[in-house]
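Sharing a structure, written as structure tokens. Questions coming.
Naming follows writing order (A, B, C, D, E, F and G), and every chain is counted from residue 1.
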Amino acid sequence: MIQITAQITLVLLAVSILLCVIRLVKGPCMADRVVALDTIGLNLIGFIGLIMMVQQTILYAEALLIIAILAFISTVSFAKFLEGGVVVDRNGSSR
Amino acid sequence: MKTNFLMLHTITRIVSFIVLSFSVYLFFAGHNAPGGGFIGGLMMAGALILLYVTFDAERINRVLPFDYTAIIAIGLLLAIVTGLNSYLFGDPFLTQYFEYYQIPFVGEVELTTALPFDLGILLVVVAVALLTIISIAEDVS
Amino acid sequence: MNNIVLLPVLIPFIAGAVLILFRHFPKLQRISSAVVMLVMLAASVLLVYSVYQDGILTVELGNWPAPFGIVLVGDLFASLMVLLSSITGVTCLFFAFQTITKEREKYFFYPFYFFLLTGVNGSFLTGDLFNLFVFFEVMLISSFILIVTGGTKFQLRESYKYVVINIFASMMFLAALAYIYGLTGTLNLAHIAQQIEEIGQTGVVNTAAIMLLIVFGIKGALFPLYFWLPQSYYGPPAAIAALFGGLLTKVGVYAIFRTFTLIFVHDISFTHTVLLVLAALTMVLGVLAAVAQFNFKMILTYHIISQIGYMIMGLAIFTPLAVAGAIYHIAHNVVVKSALFMFAGATQKITGTNNLKEMSGLLKTHPALAWLFFISAVSIAGIPPLSGFFSKFALVLSGLEAEMYVIVAVALIVGVFTLFSMMKIFIYVFWGSPSLQRSDYSHIKLAPLLMPIVPFIVLTIAMGLFAEPVFTFIQLTADQILDPSIYIDAVLGE
Amino acid sequence: MEILMIFTSGIIIAVATYLFMTRSLLRVAFGVVMLSHGVHLLILTLSGLETGAPPLLTENAEAYTDPLPQAVILTAIVISFGVTAFLLVLAYRTYKEHGTEDLEELRGNADE
Amino acid sequence: MQFQILLNIVIAFIWMLLQNSFTIVHFVFGYIVGLGMLFFLRRFLRFDFYFRRVYAFIKLLLLFAYKLIEANWDLIKIILRPKMDITPGIIAVPTELKTDWEKTLLANLISLTPGTLTMDFSEDGDILYIHAINVPDKEKAIREIHESFEKAILEVTQ
Amino acid sequence: MSLLHFVVLAPFVMAIFLPFLYYKFRSIHTGWFLLPLPLILFIYVATYIPFGGGGMEAVEHTVQWVPSLGINFTVYLDGLSMLFALLITGIGTLVVLYSIFYIANKPDEPLNNFYVYLLMFMGAMLGVVLSDNLIVLYVFWELTSLSSSLLIAYWFHKEKSRYGAQKSMLITVSGGFAMLAGFALLYIIAGNTFSIQEIISQADAIVQDPLILPAMLLILLGAFTKSAQFPFHIWLPDAMEAPTPVSAYLHSATMVKAGIYLVARLTPVFGLTAEWFWILVIFGLTTLLWGSISAVRQTDLKGILAFSTVSQLGLIMALLGMGAAALHYDFIETETMYYTATMAAVFHLINHATFKGALFMAVGIIDHETGTRDVKRLGGLMAIMPVTFTVSLVGLAAMAGLPPFNGFLSKEMFFTATLNVASLDIFNLETLGVFIPIVAWIASVFTFVYSMMMFTRTFTGEFKPENYEKEVHEAPAGLLISPIILGSLVILFGLFPNLLGYTLIEPAMQAILPGITPVGEQFYVNIYHWHGINTELLMTVAVVLFGLAIALNLKKWAEAAFFQRERDPLNRAYDFGLDQLVVQSQNVTNFHMTGRLRDYMLYMSVFIVGLGMYTFFRYNSLDINLEGQGGIPGYAILVIGGLIASTLVLPFVHKRITNLVLLGVIGFLVALLFVIFRAPDLALTQLLVETVMVVLFLLVFRHMPEITKEKKAPLTTTVKALVSGAVGIFVILTGLSVHALRAESDITPISDFFIENSVPLAGGYNMVNVILVDFRGLDTLLEVLVLGIAALGIVTLIKHRLKGDEDV
Amino acid sequence: MEVLVSILLLTGGLLSFLGSIGILRFPDVYGRLHAATKSATLGVIGILTGTFLYFLVMHDIFVGKVLLGIIFVFLTAPVGAFMISRAAYLTGVPLSKQTEQDDLKKARSEAEKAE
């Protein structure tokens, strides 16, 4: 039963990802795209959790956590870039 | 009107510790689970990059006052020397050794020369990522 | 003593890593790099000697048997190439001492230099296809940096193209590797050769072969894959241009030789005909481009291309004599081409320009420079009794023996054009009245500039006058690579 | 599955090649990233997909996926990363010196 | 100092989580790892924290989780409504919370509960700007925040 | 190493030490140090002359050089090589002596260069004539070309010198290259030997080989370029920019005769073929005619002599061709009929060396003393320079073929030979042969004319001091010695031709026509002045009469357009060719080396697809294996679909940040695929790398502008799309076939080993990691090296900035 | 237990799906952020909880990393939203036309006046 629901959920997530890709392509503004990217990241986390169940392995737990971390890092970076084009400030005065 | 990143800064303080721990974990887990010096190094770099992105280069440089070029060299040398170590036993370059030890209260522990080798790799990876990012970030021209 | 095979890779690797730490101590860097380079030269000589004495030497890294681990293989050909790389390495290093700025030294010049040699020597010695890729990358990334170091407008612009094209080539390498691993399930060159023999060099195997040829062709600057070379080799300092011009393209050529003598030897009528056509076109277009130039270094860079054609010609003819001729040509070219680039550097230092039309009459003011240049120019044009003659002669003779008349005709005509463009340099730079140069360069001392070049000149003369021992050795080399089973047995055991 | 993946890598490689031929320094760099994706997937695909468990012996499976291509791809990913990073900086330095991002304006010849 | 020890223990605990193994070995090892990290980042630590608040903090989290699930429904309804008739707006919410920690916590909670989203802080950090998906009554919204989350947080931190 | 080897090497050895002598003893003219060498060599070679008659035994010594290529330094001294060696050393001695007085020892005169070139040439030339091995001969051959060019450009500040040097180098070396190929063919035909004597010994078999004709043509190309045969002669007049001693030595007496030597040497090999005969005769006579007519047009004395030399070389060449006919008659007849031509060739060779040498030296003296060689300015020197005048008169008379000088004798023999050949019954000579004496006669008329002209316009007429920049007087004695000696020889050989008979001519002829002497017998050369009134004599008389007529009417002739232009019209072809070579090369190069990355990528892609597809379909490689394609999970298809969709959108996106976000998504999706395909380590790495990369891109974006909009060029875009599509299709087709072939073959990948041994032998459960750090640790070490280098490179790129002229 | 896990999975999946629909449907970036931060986050947390429970119960494996993942998402999702919305607002991404009030704008214009 879990296998079936996992499969269904996987498809749901895959569709979600596709929807996000549409938003990502459509924009219209950059913030929209970053939102889409962020959400794709979130969906991927779920996706991998599900794959773990489908493939009956916990080997992807690291991947799961890493995506969570990386989605955060990239979202923050993108957002900072959007705000002023500067991702890493040289010194504290700029904020 | 000036605003501030209060929320980001606070969360990053916590998150960076989680990520750093995770990176160390990945490094050690590598031989038997996904991970290793490479992935661990990148993760560690990721944590530090997060700090750089969240705060500013000057501040983090003060926290981490390392000469990354030297770390690259040291990492490389560490890996090579680990590889050369096999000459002590008359084996070819890069021959790795491992042994399981029973340590009281601890249980069986595997000690392997792959570990210092991997550590060298981790050092290089971290240094490379940071050196690159800092160099670009600090370029003013 | 098989570990001797490892030394040409390990020595520069460690040296490079250590020298990173000493970037702020130029003197220390110089002394230690000179010592290391000389040690490397000694190691290379020892390697050649050992291989000559004991046959093919292999090192199974990590003590894992081939084909499972990575194996380094020192056969005669590889050892010879390593020796050439060390010779070039030494002289270009000493030339660099004289010509490059302190600023460059501070920015890791020596580490990059040694890493480049690591990549080059590794590419020669490795017996593993993927490891070859990795060594290529070590070499390329170092070359990217050495080419762009200094960061002038011109360098940046042309390096970008160089880097992009080389990345493209690397990716195609990986694609070819995907095909080959898919077909053979292995990465060890000897093992691949075995497997290909088993499944037969038919159908898509040939496509994979052609893919590899193209990949190495890009690295080795074959027609029509050489676009990256001329401008990008023009930019860097002469010491680097000399190293690149002499050595780097030969790595691609070496790889073509290796794969098309070891692995893809079962359908010569097709593969080697392709090689033949490419060789001819490479020669002709390269030399025409050289003829068109009025810039010292530019002429030399285009000549690299045309000379590659000769090497591939030898492989394409595929008789022992032809392959020996090609290897001789590689050796000759490494020596002479490096020397020529250093002459360009010395000339530039004296006159402040590379433009032929802006210099004149150096024969009067700098006779030693002129004559040493003359010898190498004449050598590269294939005039006896210098090294260039013997390689060309062996190629011509073997081409005629194999009844491949067109390529021989092309080779000879290209020889005339080579002579023409070399003479053009001599006429513009060394003949004429010494009046055009900017006078503020006249204080430059020539002797230290020429010292590193002299060994090359001695070599090109010696390789001509004492062609017999050299040629016998190279014939042995050719015989060895033309019999893949020797290599396969050495790597995989009987 | 393999056939689908071969098509996927082919398409990625085609798009990457297209990007290589654009006139923007940056788009070429994007092309580099794409090309490496395509090639990595090709290696993975051609060495056989889904033949067993992930290559970790803790899994106690009967068959494992071929670990060698994975190691190879991993190395290739890292190398591509290093090279791309370098290219990127090269692109921006080129832009800084030349004041243009347009490869069409970055032609030129030696005698200048 | 207290905090650092605590943090060290937390790291060790995280370590055990990562290892999937709650043995003393891994705790000690994790503790050592944490010690190393703290050493390298020592100049970076300047927040204060007390052990006794951990419990309250966790309690807050649970409370929040409950609110989260409860309120999610609203958003789904909005999303699935054929025509989105919403009246979004940005509200300035002054807060009495003092430390960065408290403010962050509040902002986090606001963001995670449906309908509201922390957008920005004023320079001194005393005003949170919140984007609300539906602002029929601004004052009510502010009051709600003050009464639920802010109060709970103050409970935890004092 | 024999003494003969040393004869060849001695000049080279001396050349090494000469510069030291030059710098050490600046006050002494360097030529003096040199002078003894050719003299000693001459004397040594002269000891081989069979003064007792009866021909000579050939001497052969071998030193191994590159035996594995069949190249050995074998010296071979027979009559032919001896004759040449004597010429080289003998004239060499005189020329060195002459040069000591000709080129003053001034401070900025690089005498060391001059004599080193001269020594190089001397050694090389001796090497050419003394080598038995074709390749060694070739080596020295090219060295003569080199040293000749260097000598021509001795005064390299003059534009004309450089031009002449380049021209001579290009033409002679090109010919040399062809010759080398010819030698190689000969090697193959003769069964792997480069030894001339061995090749000659198989001559009969060799002629049957189909490759003999190309070999001959290639070798003749070398000989003709060197010996300035039409149409390759154009370098010789320009070579006159060299100092006159050089012209006298290289460009009339010795080097230009290297081609003659080679033809004579190989006559036993090729002589049996009709092609040899006709090619030599036709080119020889054409050269003879063309040279003699062209000489008439010249106003520069050295120009006249240059074309004269061209024409005389043609004469000798033609004679050698005719002489080869003798090989067809097995020398049964004792009549001189068949070998007259060869004898004439050898004899004229010697004569030409003497009178032309004398004339060149005389012209050099005139140039030296008057400062000009222009016949329009010269005149009336007879009284002012009596010695020079006398020498010139002797030389000119010999050149014109007047008795009693040696030129007369050889000219007569030449006529005899042409008449003889016209009556032979081989090679279609019955019909075509008649043209030979006619052409010979016409050429002789012109030879007479220019000799006459030189005489009248230089020495007779009115002396006009205003034409000269300095005071004109007779040359110093030292300068006169050499021409006087040569002039004396002209007279001596004219009066006593049989001095040369069995000493030089006969041994040489034995070498050229090996069968000429039956075993155990001797062959005697006898040359007579008076043969009675025969056709030849009548021809000579006619030459003089017609020649006088023309010479007297020279003004009228000079008005004809052909005679207006001093430069040989063939030069225009050469100059045009060279110009076009550069221009067209530039066009070709600029056409494909556009500097556009896009073009390069396009060419390369087209090439990859073209060659790849060709190979693919040449072997019918297409093969698709559909097994195992079912059971693709839906989510995987969706992920792949998303990946493809994102990828395809990429080319249409023109905002860099959108591009980057898309790239990030694609990276994530690829990582997801890695998860789906059971590669956790890859997924992790991909994700991490992707993120760091994204951050890098973002950092770089700060420094860069929005990406360039493609200009609307639908064609280019279509081409790019098509080509990249083709690349994709190629990758796909090959991939499909590889996949299918893999499924069919029973190859087991080596990875089983890793699966079995990771834990027991390497102590790790993560096979990928074990491979990375252990099985293939080197790869990993190097990959981080790549990373490290890249990072240091980035630092360097950013911080290290030079302007470009700080170093080289 | 299986049922609980299944429900968690399906709810999570649906939430994520709805979140994505929200991302598509909301008229402005801020609205989309709401969808992303709440629905998607909660959805993922649901799925991860399901995964965690699945392995804990069915396989008796305590997958700490998944738990850590949940915590991590909890902590960071709001920050991400905060960063994006802030950036969007500061770079002048317009609010949807339905927006009724904007205190931030007021504050900003006041601050500008003060300067």
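Keep in mind that, in the parts below, a contact is a pair of C-beta atoms (placed from the backbone, for glycine too) under 8 Å apart; a residue touches a chain by one contact, two chains touch by 3 or more.
Remember, it's a predicted structure, so these values are computed and weren't measured experimentally.
Considering the contact criterion stated above, the chains in touch with subunit A and with subunit F alike are B, D. At the far end from subunit F, in terms of centres built from Cα atoms, lies E.
Of all chains shown, the one whose average CA position lies nearest the global CA mean is C.
Across E-G and D-F, it is D-F that has more C-beta pairs touching. Averaging C-alpha coordinates per chain places the centre of subunit D 40 Å away from that of subunit E. The geometric centre of subunit B is 64 Å away from that of subunit F, both derived from CA atoms.
Separating the CA-averaged centres of subunit E and subunit F is a span of 86 Å. Subunit C and subunit G have Cα centroids separated by 57 Å.
Along subunit D, residues 13, 20, 25, 28, 38, 40, 42, 45-47, 53-54, 56, 58, 68, 72, 74-75, 78-79, 82-86, 89-93, 96, 106, 108-109 each make contact with two or more other chains. Subunit B has residues 1-4, 7-8, 11, 15, 18, 22, 26, 29, 32-35, 38-39, 43, 46, 49, 53, 69, 72-73, 76, 80, 93-94, 96, 128, 132-133, 135-137 in contact with two or more other chains.
Counting only residues that touch two or more partner chains, subunit C has 13, 20, 61-62, 108, 130, 134, 137, 141, 144-145, 148, 151-154, 160, 164, 168, 175, 178-179, 181-182, 185, 187, 231. Of all possible chain pairings, those that touch are A-B, A-D, A-F, A-G, B-C, B-D, B-E, B-F, B-G, C-D, C-F, D-F, E-G.
Within the complex, the subunit D residues that touch subunit C are 13, 20, 25, 28, 32, 35-36, 38-40, 42-43, 45-47, 68-69, 72, 75-76, 79-80, 82-84, 86-87, 90-91, 93-94, 97-98, 106, 108-112. Residue ranges of subunit A in contact with subunit B, taken from their complex: 59-60, 62-63, 65-66, 69-70, 72-73, 76-77, 80, 87-92, 94-95. Residues 130, 133-134, 137, 140-141, 144-145, 148, 151-154, 156-157, 159-160, 163-164, 167-168, 170-171, 174-175, 177-179, 181-182, 185, 187, 231, 234, 294-295, 297-298, 354-355 of subunit C are the ones touching subunit D in the complex. Partner subunit A is touched in their complex by these residues of subunit B: 4-5, 8, 15, 18-19, 22, 26, 29, 33-35, 39, 43, 46, 49-50, 52-59, 133-134, 137-138, 140.
The touching residues of subunit G, when paired with subunit A in their complex, are 2-3, 5-6, 9-10, 12-14, 16-17, 19-21, 23-24, 29, 32-33, 36, 40-41, 43-44, 47-48, 50-51, 54-55, 58-59, 61, 63, 65-66, 68-69, 72-73, 76-77, 79-80, 83-88, 90-91, 93.
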